[in-house]
Each structure stands twice: as structure tokens, then as C-alpha cells.
Amino acid sequence: MSDSILPLAARNLRYEVNGTVLIDDLSISVVPGSFTVVLGPNGAGKSLLLRLLHGLIVPTSGKIDWSVGAELRGRTLRQRQAMVFQRPVLLRRSVEANVRYALKWQGAGPGELKEAAESALHRAGLADRRRVPARLLSVGEQQRLVVARALAGKPDVLFLDEPTASLDPASVQQIESLLIEANAAGTAIVLVTHDIGQARRLGHEIAFVHRGRLVESGGAESFFSDPQSDAARAYLKGEIVV
Amino acid sequence: MGDIQAAFSLAANLILSGDADLFEIVGLSLSVSVTAVAIACAIGMTLGAVVAVTRFPGRGAIIVLLNALMGLPPVVVGLAVYLMLSRAGPLGVLGLLYTPTAMIIAQTILVTPVVAALTRQVVEDLHREYDEALKSLGVRGLGLVRTLLWDARYSLITVALAGFGRAVAEVGAVIIVGGNIDHLTRMMTTAIALETSKGNLALALGLGIVLVGISLVVNGAVSGLGGVAGRSRNV
Amino acid sequence: MFRRWLHLVGLGLLVSCSAATAADRGFIIVQSTTSTQNSGLFDAILPKFREKTGIEVRVVAVGTGQALKNGRNGDGDVLLVHARAAEDRFVADGFGIERQDVMYNDFVIIGPPDDPAGITGGRDAPAALAGIAGAEAPFVSRGDNSGTHIKERALWRAAGIDPSGSSGAWYREAGSGMGATLNTAVGMGAYTLTDRATWIGFGNRRDFKVLVEGDKRLFNPYGVILVNPTRHPHVNAVGGRAFISWLTGSEGQAAIAAYTVSDIQLFYPSSK
């Protein structure tokens, strides 16, 4: 718990499928407590990048280094990070059982499990709906549950792939506060979004990806006020970036 | 078509009069088939789920085999089990031929491929949906199989019912390995076959109506227990 | 939950079933021809035997051919069958011992009321079969190597006719038990050979009648055999011998003679 698996350093990542290069010579790092927003046009490779960092897919070449010793790889590495997908994936169980299930796999002992589940449900505002089958929740509630579930084990880093893409403004706001709260409590966040407003509201750092490469990265303020690359300038102006 | 009318009134009479022989036969049919289905589910659901989530050479062939075995002819299974359990066969010393156990074995062999093949499909579809989320949590191996089986539980109840339907309705296997012995291995289907061979067609059909009724009751009871909740949870 | 519950119930049943068979040998398995079962004879006489000896008789009713085959495999203690030559061979091959006559009745040829082959009232069975063949009227054969089938083939041989060339045409081999064969014959308006007991006890006769009877070649003797316990040590020889001696003794013979359906005696005791 005390030793973070961060910083994460990914170097020269390359990912190809049937000879098509989708991620090309991409290096990026994630430090403890950071809030990074990954921006870029459709098809730039943002989701692939998240999956590579999270370990769901394996890079064709390149290295992903976590700051844990070899003896803590595998299980620990999985338990100290989490991911939220664009479409909420919920188990066919109650709201509470969904949270408990994730906590169990994140290595929570029986003692802390109850307490952690309780506080996750409260933070997500779902405490009074704990017994409801999770798949009967509204889409907004479902995504809130998924985010709360991912944060329940207090991971060192949380990856999110367009978590609010299809939600109403109120739900977006609730999820954003969950993320800000978690970040303040020490969880590093890597968020892929299409919503430039959201990026402005949340991001400390911006990583701009275009055609599988990291074109530009740095502090959010300077990125929005003074983008360095043509692609980022065009993207921020709302032009179509091919 | 007086036989058909007679069959319905015979069926009603048998049930309403509380015919002891009928209840004994129904009880045996249910206990043998339910036992066989339970064992087949334990084996078949595990097997089907493992095949669904693993990738190995020859997997495609296994799936084709499982699907094909759903059509195993009961008579062939009965014959094979007879040859195994016969005193002259390799398991003859157990003395299981012409017992309810022999019928359970035969029906288990018939039902397991049905359960395994359908479970494989159900679990594979669910796995496609859950794959990334479970990988993200580090869910692997036995934990993965258990998670998917539990979350597919409402579909799997239907799978179990399909297995039960095949078991309770078949006659070819149990008549060979059970011998249709009165008060020992006489089941609904073998009793129907016997009455048909005695030319008591109305009684045979009446028993058939009772069997359909049992099947309805079992299916209704199971849907009542889990299915209604299942539909809403399966959204 | 659901699956776990089923699982427990299942294992419990399986164990209890196995235990029952292993412990208790207070029963014998009789491999018998279907006519004795379908006619209701066993239901009438077996309770008397059980009452006297406490031994339960488990009847597996199959054709004589299948009964002899199962007996060779040791899957039974006693055979009650009706095909003398096959029975003698079974004993000669060392699979059975102590064959004894039990009872007899007779075979009859039954057929549709309009009788297209014109055999009604005949007392010469081979001649009647020749008439059926001549008219190419449909005839359903058991075709299952049962005692009745063996008798039928002997009658065709006596008539000097080989009907197998017409199989699928007017000669139809059902490959089934007596009851199913009768259902088939009644259903297609065909002639067939049956033992009288099954016919009298049969519920689906419609307007079909016995057309030919009384030929001494239609004699149908039943024999009882103990499966050889030297060959198959698990055979319940004590129970089997008790059953055979009861069946061929005065009580069993009287019980057989007393069994009637619609006031007609179906089997005649023949033990010496």
C-alpha cells in the first residue's frame, strides 16, 4: 500500500497488427499523484495506448517499466491499478456485490473489504441502491458504479477510456468529482477523452496523440494557451485532423 | 379416435386417484433424471466453461465434437453402458446392471454433452463481454471460470432444463441398462413402452400426458424460482 | 446455490442406489420372454413366490434371443424362455444348467377380418403361410431372433418358402417385440404369428381374429434354466434354484394353471 507502483515509464512503444503500425515509437511516463489527459483525434491510438499501459495488450516492441521489484510483478501490479471502459461492464449481481467482487480481486482482506465497499458506495452516492441488480441502474449510475468500483481499492493509478462519452451533464459532473477526489487522495489518473472542456477542467498534464505518436505533452495550461504542434493547434480549433 | 379421449381421462384418473404405482414410477423418473442432470451439470458446465475461456490446439475439433455428441442416440449409449456394466464387461463386478444407478450413468452420458456444448456457447458469449474488465482485475484461471458460470446462471438454468428434458424423455438407453423391472427400474418412458407393447394404447398415451405434465411442472417451478428474477437481472 | 443443491442431492442418490445393490442379494434376476410379462402371468404368480420365500424376483422381459444372450454374459440368474433348440445349445455350451419344462401354450396366426389370403379356419400352419405368400398378402415378422421368430422361420421352412426375398414387399420384418409387432400388424392390416397368451392379453386387437390354430407344429413349450454358477460365480444359485423348484413344483404349477384372462387359461403346466 505504501510503496506505489509508480512512476511508470513506457519507452519506445510500438504496436502493430498485421503489419499496420498503430502505435509508433511512443514514450510516456506517469508519476504518482498526476492527472494526465490524453487527447487526440479519432483513431489516433489513444485507447490502444491505455490498453498497452494497463497491460491488456502486449506491445510489439518497447518497454513498460513500473517501479516495483521483480518479486512484486504480476498480482501486485494488477491490484495496484484499475481501468474504466467507455461502456460500463457490470457483473450480473447487485451493486454492492460488484464492488465487493472487485475489492476481493484487488486483494482486500475480509476486514477492510466491508469498510472499503461501504465508503465506495457512499462516495458514488449509491449506498441506498446497494441491493439493486447493477444492470438495472441507469447508464449514468452504472458508470458511476464502475468508477467507484475501480477506485474502491485505492489504486496507485486509474486509466479511463472516455468514461463520460455517452452521459448526461449531471452524471458527467458526478464522475468528474469522483476523479478529482480520488486524485486528491493520491491516485494518479490517466484519462482519454474527446471532450476538450473536460480536459481543461481536469487535466494537469496533457498528452496529445496523433497517428500513433505522442506529438506533444506538458502542462495543461501551456498546452491550451500555446500548443506547439500543427496537429494540436488544428485539433483545439475544432478542425478535422486527419 | 376414442383412444385419445380415453387417454386424457385415464391420465386424469391416474393422477386424481393417487395411483401408488404411478407415483412410484414418477418418483423414480424424477430422481434418476434429476440426479443424472446434476452430475452432468457438474461435469458439463465446468468442461464447457473451460473450453469457452481457453485457447489450445484442437479446440475447434473439441467444439465440433461436443456439438455433435448432443445428438448421441440413446440406444447406442444404452448399449455401450450395457457392455460396460454387464457381468461379462469390464465393470461387471460392480453389479450395477439393472439398477437405478445404471440408468443414472446412461443418462449422465447422454446429457453431459448437451450441457457442455450449450454452456460453452453461453459462457463464450459472456466472456466476450467481460473479457477486458476481468483481465483488468487480474481474474484468471479457476476464478475466471467460476465468475462466468455464476454470472451466466440464469442462462445455465435453461441449459440444465434442456438436459433434464432430454433425460426424462428418453427410453432407449434406460430400457436396456435398467431392464424395465417393476418396482425397481420402471420409469415413465419404459412404462409407456411396455403399455404400448401390451396394446394398451390409451393407457400408454395417458402416461405420456402425465409425463408432459411433470415436465411442465418442473420447468414452471424452476422458472418460478429463478427465471423471473433472472430476466430482470439479465438486462 | 441451485447447482450446489442439485449436486448434493445427486451424489446422495447415487451412493444410496449403489449401496442397496451391493448389500442386498435377496433377489434374483429372471431374463424372460416378453409373453410371460405382457400377458400378466408374472404379476399373478410372483407375489405368491415372494410371500413363501421372501425372495424378490426382478424380471427383465426381452425376446428369447436377447434373454439367452444376456444369460451368456451372466446378466441374470434364471432364464424363462421358449425356443427349445436354442435352450439346449445354451446348456450344451455350458452357460446354463438344470433346464426343465415349465408350461406350454400354442402359437396362432392372426390376421385382418377380410382375410385376403383366405386362410380362416385352417389347421395346417405351413399351408396357411403358403397361402399368404401366394396372395402376397402383408405378413409382419418379429425379425428379432426371439422364440416366436425362430418358430416362424421353422414354419416357413416346413412350407418350403423363403420369404426373405420378399422382405420389404409383403414380408415385413419389424425387428421388434411381440407387442410392437402386433401393433404394426394391426396398423397395416397384416397377418402375423403370435403366442396365444400375448394375443389374449393384448389391448389393441381391433377386429383382428385368430385365423389358424390347432396345428401341433404350433406347440409352444416354455423352459426354465439356471445360469451356470460355475461359469458366473456371482449367480444367486440358491435363490435361482428355489425359484425353479417352486415354479416346477406343485404350488407354482397350480398358480400357472389358475391364471386366466377373460376366463381363458393362458398357460398349461407341463412339469413332470
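A, B and C are the chain letters, set down in written order, and residue numbers restart from 1 in every chain.
Assume a residue touches a chain if its C-beta (ideal position, glycine included) is under 8 Å from a C-beta of that chain, and two chains touch if they have at least 3 such contacts.
Because the structure is predicted, anything quoted here is derived from the model rather than measured.
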Chain adjacency by touch: line, ring, star, complete or other shape? line
Chain whose Cα centroid lies at the greatest distance from that of subunit C: A
Of all chains shown, the one whose Cα mean is least distant from the combined Cα mean is B
Taking each chain's centre as the mean of its CA atoms, how far is subunit B from subunit C in angstrom? 32
Rounded to the nearest Å, the gap between Cα centres of subunit A and subunit C is 78
Using Cα averages as centroids, what's the distance between subunit A and subunit B in whole Å? 46
Can you list the residues of subunit B that touch 2 or more other chains? 153
Show which residues of subunit B lie in contact with subunit A when the two form their complex. 129-130, 132-133, 135-139, 143, 147, 151-154, 232-235
Mind pulling up the subunit B residues that touch subunit C in the complex? 31, 34-39, 41-42, 45, 86-89, 92-101, 104, 153, 156-157, 160, 179-182, 184, 194, 196-201, 203, 225-226
Residue ranges of subunit A touching subunit B (in the complex, touch as defined): 51, 54, 56, 75, 78-79, 82-83, 85, 89, 91-93, 101-102, 105-106, 133, 135-136
In the complex, go through subunit C and note every residue touching subunit B. 2-3, 6-7, 9-11, 13-14, 17-18, 20-22, 29, 34, 37-38, 43, 58-61, 70, 72-75, 177-180, 182-183, 186, 201-205, 232, 234
